[in-house]
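Common to both upcoming complexes is chain A, partnered first by chain B, then by chain C.
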Partner chain A sequence: MANNTTSDFVTLVSSDGFEFVISRSAACVSGTIRRMLDPASKFSEALTGRCNLETLSGVVLEKVCEYFLYNEKHKDQTNVPDMDVPPELCLELLMAADYLDT
Partner chain B sequence: MYGRNIRGPHSALTDFLASNNISAAQIRDEYDRRLADATRQAAEEEEAAAMDQEEPEYEPTPESESPEDKTKKRKRMQAIENIKKSKEFARRKARRTGEPDDDDDELANTMMDEKQRPNPGQLDNCELCGKRFTVTAYSKTGPTGGLLCADCSKKHADGGKKAPAKKRSSGIGRRQNQSKLLDGMSPHGTQSLLETCIKKVAEHIDDVEEFGDLPPPVMHRLSQILSRKRAVTSKTLDLFLRPTHREINIYDCASLDTNDYHKILASMPALTRLNLRFVTPMKDRIFQYIMDRDMNIQDLHLDSPNLVTDECWRQFFTKLGPRLRSLKLWNLDSAFDDETMEIMCKSCSGLERLKLKYLWKIGDKALESIATLKNLEHLSLHFSQETSPEPLLQVITEIGPKLRSLSLDEFPLADDRLLQHIHEHCHHLSKLRFTKNDLCMDKELAALFRGWSNPPLRFVDFHGLRDVDMSNPAGPAEPVGLASDGFIALMEHSGSRLETLNIASCRHISYAAYEEAFSEHKRYPELKYLDIAFQGVVDDFLAQSIFRCCPNLSRLVVFGCFKIRDLRVPRGVNVIGTMGAKLNVDGIAQKEVF
Partner chain C sequence: MAAMRARQKIRAPRRGLNAAQNDNYDSLWGILSSSLTEIHTKNASTLSFEELYRNAYRIVLMTRGPELYENVKRQEENWLRGTVQKRITDSISSTLVRAQAATEIQDQSEERRAAGEKFLSAFKEAWEDHQLCMSMITDVLMYMDRIISQDKSKPSIYVVAMALFRDYVLRAPIRADSPTSVADILESTVLFMISLERAGHIIERPLARHCISMLEGLYESEAEEGEKLYISTFEPAFLKTSKEFYQAEGRRLLEIGDSTTFCRISSQRIVEEQERCLSTLALMTEPKILEVLDNELIRKNIDEVVKLEGTGVKHMLDHNLLEGLRNIYQLNARVDPKKESLARAVNKQIVELGKEINASSVVIPQTATVTATATREAKEASTEKKEKGKEKPVNQQTVLAIQWVDDILALKRQFDIVWEQSFLSDQGLQSSIMGSFSDFINLNPRSSEYLSLFFDENLKKGIKGKTESEVDALLDNGITLLRYIKDKDLFETYYKKHLSRRLLMKRSASTDAERQMISKMKMEVGNQFTTRIEAMFKDMTVSEDLTAGYKSHIARSADPDRKPVDLEINVLTSTMWPMEIMANTKEGVVQLPCIFPREIEGLKQSFEKFYLDKHSGRKLSWQAGMGTADIRMTFKRSNGKVQRHELNVSTYMMVILLLFNDFPDDESLSFEEIEERTRIPKHDLIRNLQSLSLVSKTRILKKAPMSKEVKPTDRFSFNHEFQSSFVKVRIGVVAGAKVEDQEQRKDTEKKQAEERGGSIEAAIVRIMKQRKKLTHSQLMTETLTQLSTRFVPDVAMVKKRIESLIDREYMERLSEEPPTYGYVA
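Now for the complex of A and B:
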């Protein structure tokens, strides 16, 4: 995975060390991640295809990844229901969404 | 016995039952007794079953049993004999053809067991987990014929077949779709995660103890959603009170009381922007408090503070007026008259934004006062009184050169001179609203835009500029309101920068004018919102041309455009208000069903 900026998959790492490998197109729904991974930026994230998201815990990042895929899956459909978010995670996820610009 | 007559609180039901000679206590006692009976019976059965298991091979000898057991045994044998004679037994036996025929006894025994299964309301032990539970009509039968407790029943059912998927007819979601469209949400794809979460938080607002470190824009959005759900109460208000934040926006304060306003002001001393709507219970002493504390309020936006007296307003403006940067007031009918307005305009010399809507007691005099506000950059007026055109001209002459947005809602007596004054004095406008007027002529509107030194406008709202004459729907020969010429001039002048255009019910714009404005090579790159409601001439071809000319369009409002029947809508555009039209979105067909 390392040194491959054109790989179709990227790795998102949570603060407690969980790694999520998901497709680049899905992850780039997030403005923050998209800018991190922009090859023109020459950020280390862009070079390695690996984003360390220090502010997000594994639980939250898992849900975020779930959203990325949910979004990817439903982008061509009409009247998509909202993704189910467990109420107890809501506020944390809200902060994460604000940070990730999704 | 004393104390006989002292009783605790009674429920209405108890009283009713007592009046009908039914004793709740008696019912309860009987229920308890029944429950106890059932428990005992079940326990006995269990014992019997245990004994059966211990000695499965041979018949227990009569000597080892007490006489009581003997009678029980005899009764059971009798019952089994009865079962063997029953129709049900014959039926079941017939069903079991192919199996060895000699297990009549076994079959009779299982049927006997089934018969002895407890009825709803009684207690039994779960067949799988052994837990004791109350049998209900919904208790499921386990794999070997016993009953299951609620938890096991559920698991068992899940393991079995799933509930059939709900069928949705294609027409059901229409109302909801339209509602979502009007809320500005795209019908395709998912919502942003942020929005999803904000909605969820709003749904569970009662369980939230603290918002934590939410950024102000998110708080603002939450406040909007909660206000819309009318869920802002004293309790939820606490979540929004941050000593360090400089602004508070609550769009529905109807359930707050005077103390809550005190709480807002006391716990947010750094406040510079106070934006509260529906503040009916706000009284003089809130303003008194602001004055006593000498708070640094710069932006004051209040909707309907009707209990605040004129005297208090005047005092407030005299004392804290100079710091005000923006003032927005809505719906004042019992206070705030022309005199207050005069004092306000004298004191608030630094005012940059002024919005006054539905203030019943102000009129021409107020306009004259507004003309003295030299620093004003944004002016938005909607008067309830009818005003004469001259004071408005004075306003434009005096403060027009500095104005960047001008919004004049419903000045029915304003005439062509207003447009000429705007043309002459305003050179920095980016937003212009002038609505519901049938005196201005089309040629004057065209003249406003032709050769105007003002840079292209970003926001234009001319809705309802048209002639209203029921007997002459086509309008007079010389067009009144925004018609073909004015529209073309407008698009030529501002098309390059225009983001929002509302020309709803400007009925006299012709097909040819549309064709010209949206011809093959015209481009309106910034246009996002276009409202052409009630323009009967717009048909599928014109709508398609609009899509071609406005690459960034996200909302097209077409209420009452009945010639729109079949559209290919580009992705990302919300078309609102079609009637039974067929909309094709990037290959996704959706026919509206009624």
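Now for the complex of A and C:
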């Protein structure tokens, strides 16, 4: 979709084909994605603005995107409300966090 | 319940994804390795970051991270060694290699420059590529870095790659088996560019800047802890060449021999180097290179520059080149907070000019206008003047004295301007300038006298017609000079002498100005200094009251028969007034008081009675030498006519003239007879008779024989043929403000020495009373400090006084080694 490198939105694709369109700044909460999209390094993701995340399932990626937005919304604040994390996902989310350097 | 449910729902993550396919290390590495090459050859756009990252991630999860680390390292090494190194060495042309040895700039500079620029840009490109690729690779290997670098305290792959660049590119020999490395070439090329720029060429600064920043980015050792390459290799080399350059520059500029040029170029160089550090090199080099510049260019040469014949500081001072002086000042200030060489030159110049002024005050210039009037006196017995066999008018000396002060003030003003504008009101230089003024002023033994004369002259007539502020400025100027004079007590003596003449002869132009002067002196040199002068003023006011009181007293008890004689009296406290006036002893012989004529004697006794009634227990001693009298004289012309004149004469003259009242008109008196009848001191008598009989305008007495000198055998008779177009005639004695002749001067000095002796003893006793016990050296220092505000005591004199105090048992010797004294109560 978004093939413009300077676009404000990027597309994250899960291993099972779900696509999430999310603002670039929110996506860059993840260190991995930030590097992936760094315009200076001319990887294909940076050029197309589309990231195929083979390691993440749609369910997990959805939660991850939710976290990205949550993180961005409450950046530099104290006393933020807890985010709801379903217990059945928490281990997979932990691994995703490790992978994404979040 | 909740815990139960949670346990049910938590599932182990599906590991299948991680281990599923491609979990073979070699195949994973194969993909990565080829991708790295792609990155280096700038084909990254075909690669998926996610894939590479995932691969690296897997490898690390397979706990084969270290293996990956080593592999990447090896691959980078091969890449750098194989491709980049070759690219760089190829760009080094033979010109650069040859030039590396040669030091001369001019040699094939164009060729070398082109080659240098080519090399630098190739180098820059390689470095930039490497940086970019490495940052990409690091991104891909981020997961590995995160796990390995922190766990096993290995440097991150990026740092390692940078170090590899240093080792395999920068430190690579340019040719196989050549000792010169790429770094050497780089260094010499950059230095060459800088030297080109110093020589006035324009170079590509960004290029050089780039290489420098690379050096700044690389470290000496493996870990990023050691010194940066820039500091360890390039900077010393840069400073060394700069040093050589500025040494040569200094020599070259000195050869040109123009201090203005030197200053201009030096300041320019300073700006240039600052700018260079900003735009080409590193900021941290700035203080270092400026230090080199200060040392090599300025410190070693400033002395020479200051002394340069014809253009140095002397020349600038002579021609008032404030701009140049300011430059020199600023340069000197860079290297020496005390600015010694400049101060030395300025001082030398001041003292030289000062000596000229001193000298001109001694030698009478031929052009000096002769202002001498009726009064003449034998000149100071300098041999030169004796040869001429002429009496020089004394007033000329006075004029010279005042000229001297004016000259000094002019000089001072000139240097004040220089100080303010060129030396930026520098504190240290001010005191050094003051010091040199003080030096040459004190070189003139008569400075105190001259300065006092200057005040005398100004207070007598100088301030007439001037506004208050002008007077103020004038006095301030004088006071400034007073500050420089060391022998303040001598000045006080002269000032008192001149002041007393002004007061008693009513010559002072303005009492306000006098008071102003005193308060200024008080501020400058302290209370003690002015107490006696103030007391003199007090005596004057008291005397006015006294005179008024006496007049009303006479009016009340008027004796109608007597002709009233107006008496205006000044009662002076003997200790406060100058000694010459008070002294009635001369050279040990007690001078008997002058014999007054009958009329005056009666008046005198009547006043004494009046005064002593008021203040019993006091003793009045009459000082006729300082008084004046108005007398009315009747001249009988030979043709029978009678002419009256009112004469304003000194008291002594009045006494002499009244003598002739008692004698027939044609009677004459010899000098000796007059002396005997009046008991006027011989010295004064001669002077008064000279005024009365030698000066043509006021010849009231005839002298036989007519000669210029008054001899004891001369006879005097009344001159009825005295002619004057005025009714009132003023007959002056030798007027007040004169430079002393040799004899008077010796006299003053002797008295001064006595007074100083007293002051010294007083100081010693004060100190001993307080301290009880002191060693000799301590006592000496304390005494000298105490007295330094008034004069500079002679050490021998102080010693003599100590001896004398011991003899008189005010003090005692307590021990010999070290010599110690004790106070005897």
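Simple rule for what comes next: the second predicted complex is superposed on the first by the 98 of 102 C-alpha atoms of A that agree within 3 Å, B and C clash if a C-alpha of one lies under 4 Å from a C-alpha of the other, contacts with A are read in each partner's own complex, and residues count from 1 in each chain.
Following the convention adopted for this analysis, a contact is a pair of C-beta atoms (placed from the backbone, for glycine too) under 8 Å apart; a residue touches a chain by one contact, two chains touch by 3 or more.
Note that the coordinates shown come from a computational prediction; the quantities given were computed from them, not determined experimentally.
Q: Per the contact definition in the header, classify A:Met36: touching chain B only (first), chain C only (second), both, or neither.
A: Only chain C is touched by A:Met36; chain B is not.
Q: Of the partners chain B and chain C, which touch A:Thr102 in the superposed model: first, second, both, neither?
A: In the superposition, A:Thr102 contacts chain B only.
Q: Mind working out whether A:Leu91 is in touch with chain B, chain C, both or neither, as first, second, both or neither?
A: So A:Leu91 meets both chain B and chain C here.
Q: Is A:Val80 contacted by the first partner chain B, the second partner chain C, both or neither?
A: The answer is first: A:Val80 touches chain B but not chain C.
Q: Taking the superposition as given, does A:Tyr67 touch the first partner, chain B, the second, chain C, both, or neither?
A: In the superposition, A:Tyr67 touches chain B alone.
Q: What is the shared patch of chain A, the residues that chain B and chain C both contact?
A: 87, 90-91, 95.
Q: Contact residues on chain B for chain A in the complex?
A: Answer in residue numbers: 173, 177, 187-194, 196-201, 203-204, 207-208, 211-215, 218, 585-586, 588, 590.
Q: Which residues of chain A touch chain B once you look at their complex with the stated criterion?
A: Touch residues, chain A against chain B: 64, 67, 70-71, 74-80, 82-83, 85, 87, 90-91, 93-98, 100, 102.
Q: For chain A, which residues count as touching chain C in their complex?
A: So the residues of chain A touching chain C come out as 15, 31-32, 35-36, 38, 40-47, 51-55, 86-88, 90-92, 95, 99, 101.
Q: Which bits of chain C are touching chain A when the two form their complex?
A: That would be residues 6, 9-14, 17-18, 42, 44-54, 57, 132, 135-136, 139, 142-143, 146 of chain C.
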